[in-house]
Amino acid sequence: MLRNFLIALVLASFGFIFLNLYNSYEPKTELTGIAAHYAENGASEVGAANLVTAVVVSYRSFDTLGEITILFLTAAIISFFLKLSNEDENKVIIHKGTSEILKTASQLLIPLIFLFGVYVFINGHLTPGGGFQGGAIIASGVVLAIMANPNMTINHTVIVWVESLSGVTVVIIGVLGIILGGGFLDSTLDGYGLGEFGTVFSAGTIPVIYSLVGLKVGAEISNILNKYQKSQKES
Amino acid sequence: MIYSLIAIGIGILMLIMAVIAILNDKLSVAVIAAGVVSLFASVLFLLMAAPDVAMTEAAIGSGLSTLIFFYVLNKIKRQNA
Amino acid sequence: MKFKNIFVAFLVILLGWMLLTWSLELQSILLGVGISAVLSLLLCGSCTLFNEINLTPKAFAYSFWYLIVFLIELVKANIDVTRRVLSPSMPINPGIVKVETTLKSKMARLILANSITLTPGTFTIEINDDALYVHWIDVESDDVEGATKAIVSKFEKLLEVMYG
Amino acid sequence: MGETIKLIGEIFLLIGSFSLMTAAVGLLRMPDVYNRVQTGTKASTLGALMSFVGLAMMSFDHWQETNWVGRFLVLVIFILLTNPVSSHVLMRAAYAMKIPLSKLTSVDKLKEDINNKVLEEPKDE
Amino acid sequence: MDNIVIYIALVMLMVTLLAGLIRFVKGPSVVDKVVGFDSMTITSLVMIGVIAYLSNRAIYLDVAVVYGFLSFLGVIIVAKYIQGGL
Amino acid sequence: METLELGKIGLLIGFLLVIVGFWGILQQKNIIKIIVSFTILNTGINLVMVALGYIKGRTAPIIDDSVEQLANHNVINAIVDPVPQALVLTAIVIGFGVTSLLLAYAMKLFRAKKTLEINQFNDLKW
């Protein structure tokens, strides 16, 4: 009883704060400050049509580097938590209910899903999307494959290699930015050029970085899901 | 104007779904309802001119999170049996 | 055989890329060719999806004909559903019947099952060897031959030409 | 020319959304889960398809600028591929869960053959 | 009033969403709830198309493809969970 | 029609979702339900942030032909604020990481005690 009363009190105070915030909110009518700078100069400085991508990969690319590091750490901690003992590793569990139609349809769909993921991260500077979304779509394709054949094993070595190589390459491109451009992870390299605005090969190194981020995120999320799927074996 | 009407409709649906997610006793129903909340949130993001965020929410917030929830539920069911 | 698989998959993926980008610039097409080659070699090296497909002009013409038949059936299905749902008495007589097919190719069986699902009043529940179990919203005949004649035969004779 | 195509597109959009609404009514009125999946899937597939075709026609004026047609085609193909599969999987799960068929059902051939290892052993939720 | 047809279509889509919600709340078994979920996602797919048309941005349709695929995957996951095959 | 502005509606829905999520976290006793409430709260906060960046009558910050038509080649008057969107993009991905970590913990806890009721986990209570 007392607990319910306290909960109601906490919620009411939050509600009061939010009501005040809501009442004093004035909708914006103009872009101000740094947003105006990005909107005005983003296309000419970075060359990306999608300004969100310009902010994520070029103006604030340190954030992105930190973000993929966080995902990597999450994958590492989860694989530490859900580590199987040797006898569980070889256990076979019976998966029920996979129909032939789902198997065949997944064989047809998976290449198309992977293609769409690749399209999303290669065109990240022109259309909505980018590395994170593309990586998530690729991981969903892997999930569809697991759903169709539950006893399929994902090759762990391939995942680790894809992840490490793409991570290292991102850092190398960042260091190239110090040498050829204005600083670490600068996407406008001298001599590389920005390309024609609105085409696939434009915007400096943004498509390259975002493709690598996409591969890395796809590998990391596949790793997390693979760990969860394997943990079903644990007794 | 028309956007606001769509937003109000979808917002009411989202709130009902959120309350179902919290009050329902069955865990699987709660997880599905939370997934529906995320999916409708992605329509709202699209209305508010944020297609990047909408795509991320649909792919990561709704799809993959729901999948992990179901792995855990399946594990719990298997250990209870 | 494996080469045919990869080649057909390559064409399908390239078509998807062209639909998505919708541009005929050289660099975009080259990029698409590269991606399709990598994906088809990587994912379709072991798949058996396009084994039995016939790459002859006749099969091509038949697939167009199949598409037309299928679309007509789809519209008929919709009118049928509307009639059943909106009439006050709901004239339904559901049941699960068994039909038989002679198709062996996996792709053809997928297309057949999906077509049955989308045509008037029928719905594939289970597919097992050469038997399909179909939920029929208005059962006309519950023996195997009659149901096969009513549900499967119109698609099967076209699919047999497309997938030898 | 443009006006006519736009008008046809509007008619398509209306038919499509009407089909979706039919699916909704079927969802509410049908007696058991199998019939609900039936009406729901069929009408909503055609409804979504027709709406997308109609919207593609309605955006005829802007075809030169951006890629409307290709993206709508991708969507239509995608729906045609995925929708029957997902509802088939759902229906199969319902049967495996042993949800009873409605009283109107006249014949159930699958039940007679079920010993024939057709469906795996069902498990309750 | 910019376009009366769009208004009528949107009203019909809202009715469909509402019916899906009712089936979700009422449905006696989990499968009924998933059918309601499926119906709602397909309807909102069409709604995304309408929003893209209203905003005159074709690029919004990319979101619709992702949305459609993830809802398909969600239905399959729940179905396999029900059958105990995850 | 001041109250019917889209930005305000988004803000209101976001706040209500945050309150519903808080309610779930405080009131529920099942760990999985608490994590579900956490995801709902997360969605609400993301909605609030995106709604703060919305400007009425403008379109997405992706420059192509249709944007340039809208504002006669003056992009700054046609697009919404890109910065909150970039932040929310990061927030969603990290939210996924946090959710998966929480669920891994929940699985471990369930394995240790064979229950999900949070009242049973009182080993560290004094």
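By written order: A, B, C, D, E and F. Residues from 1 in each chain.
Definition applied: contacts are C-beta pairs under 8 Å (C-beta built on N, C-alpha and C of every residue); 3 or more make two chains touch, one makes a residue touch a chain.
Computed from a predicted structure; not experimentally measured.
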### Query
Counting one step for each move to a touching chain, how far apart are chain A and chain D?
1
### Task
Determine the centre-to-centre distance between chain A and chain C, using the mean Cα coordinates as centres, and give it in whole Å.
34
### Query
How big is the gap, in whole Å, between where the Cα atoms of chain C centre and where those of chain E centre?
24
## Note on the structure
Whole-Å distance, C-alpha centre of chain E to that of chain F, is 20
### Message
What's the distance between the Cα centroids of chain D and chain F, rounded to whole Å?
### Response
31
### Query
What are the residue numbers in chain B that touch two or more other chains?
3, 5, 28, 47, 49, 51-52, 54-56, 59-60, 63-64, 67-68, 71-75
### Query
Which chain A residues sit where two or more other chains touch them?
50, 52, 96-97, 99, 101-102, 105, 108, 116, 120, 127-129, 132-133, 137, 140, 143, 224, 228, 231-232, 234
### Query
Where in chain D do residues touch two or more other chains at once?
23, 25, 37, 41, 45, 47, 62, 66-67, 71, 74, 81-82, 85, 87-89, 92-93, 96, 119-120, 123, 125
### Message
Can you tell me, using the touch rule above, whether these chains form a line, ring, star, complete graph or other shape?
### Response
other
### Complete list of chain pairs which touch one another
A-B, A-C, A-D, A-E, A-F, B-E, B-F, C-D, D-E, D-F, E-F
### Query
Inside the complex, what are the residues of chain D that reach chain A?
81-82, 85, 88-89, 92-93, 96, 119-121, 123
### Summary
Touching chain D in the complex, chain A uses residues 96-97, 99, 101-102, 105, 108-109
### For the chain B and chain F complex, residues of the former touching the latter
1, 3-5, 7-8, 11, 14-15, 18-19, 21-22, 27, 30-31, 34, 37-38, 41, 44-45, 47-53, 56-57, 60-61, 64-65, 68-69, 72-73, 75-76, 79
### Message
Quick check on the complex: what are the chain E residues that touch chain B?
### Response
2, 6-7, 10, 14, 17-18, 21, 24-25, 30, 33-34, 37, 40-41, 44, 47-48, 51, 54-55, 57, 59-60, 62-63, 66-67, 70-71, 73-74, 77-78, 81, 84, 86
### Message
Quick check: in the complex, which residue numbers of chain E touch chain F?
### Response
55-57, 59-60
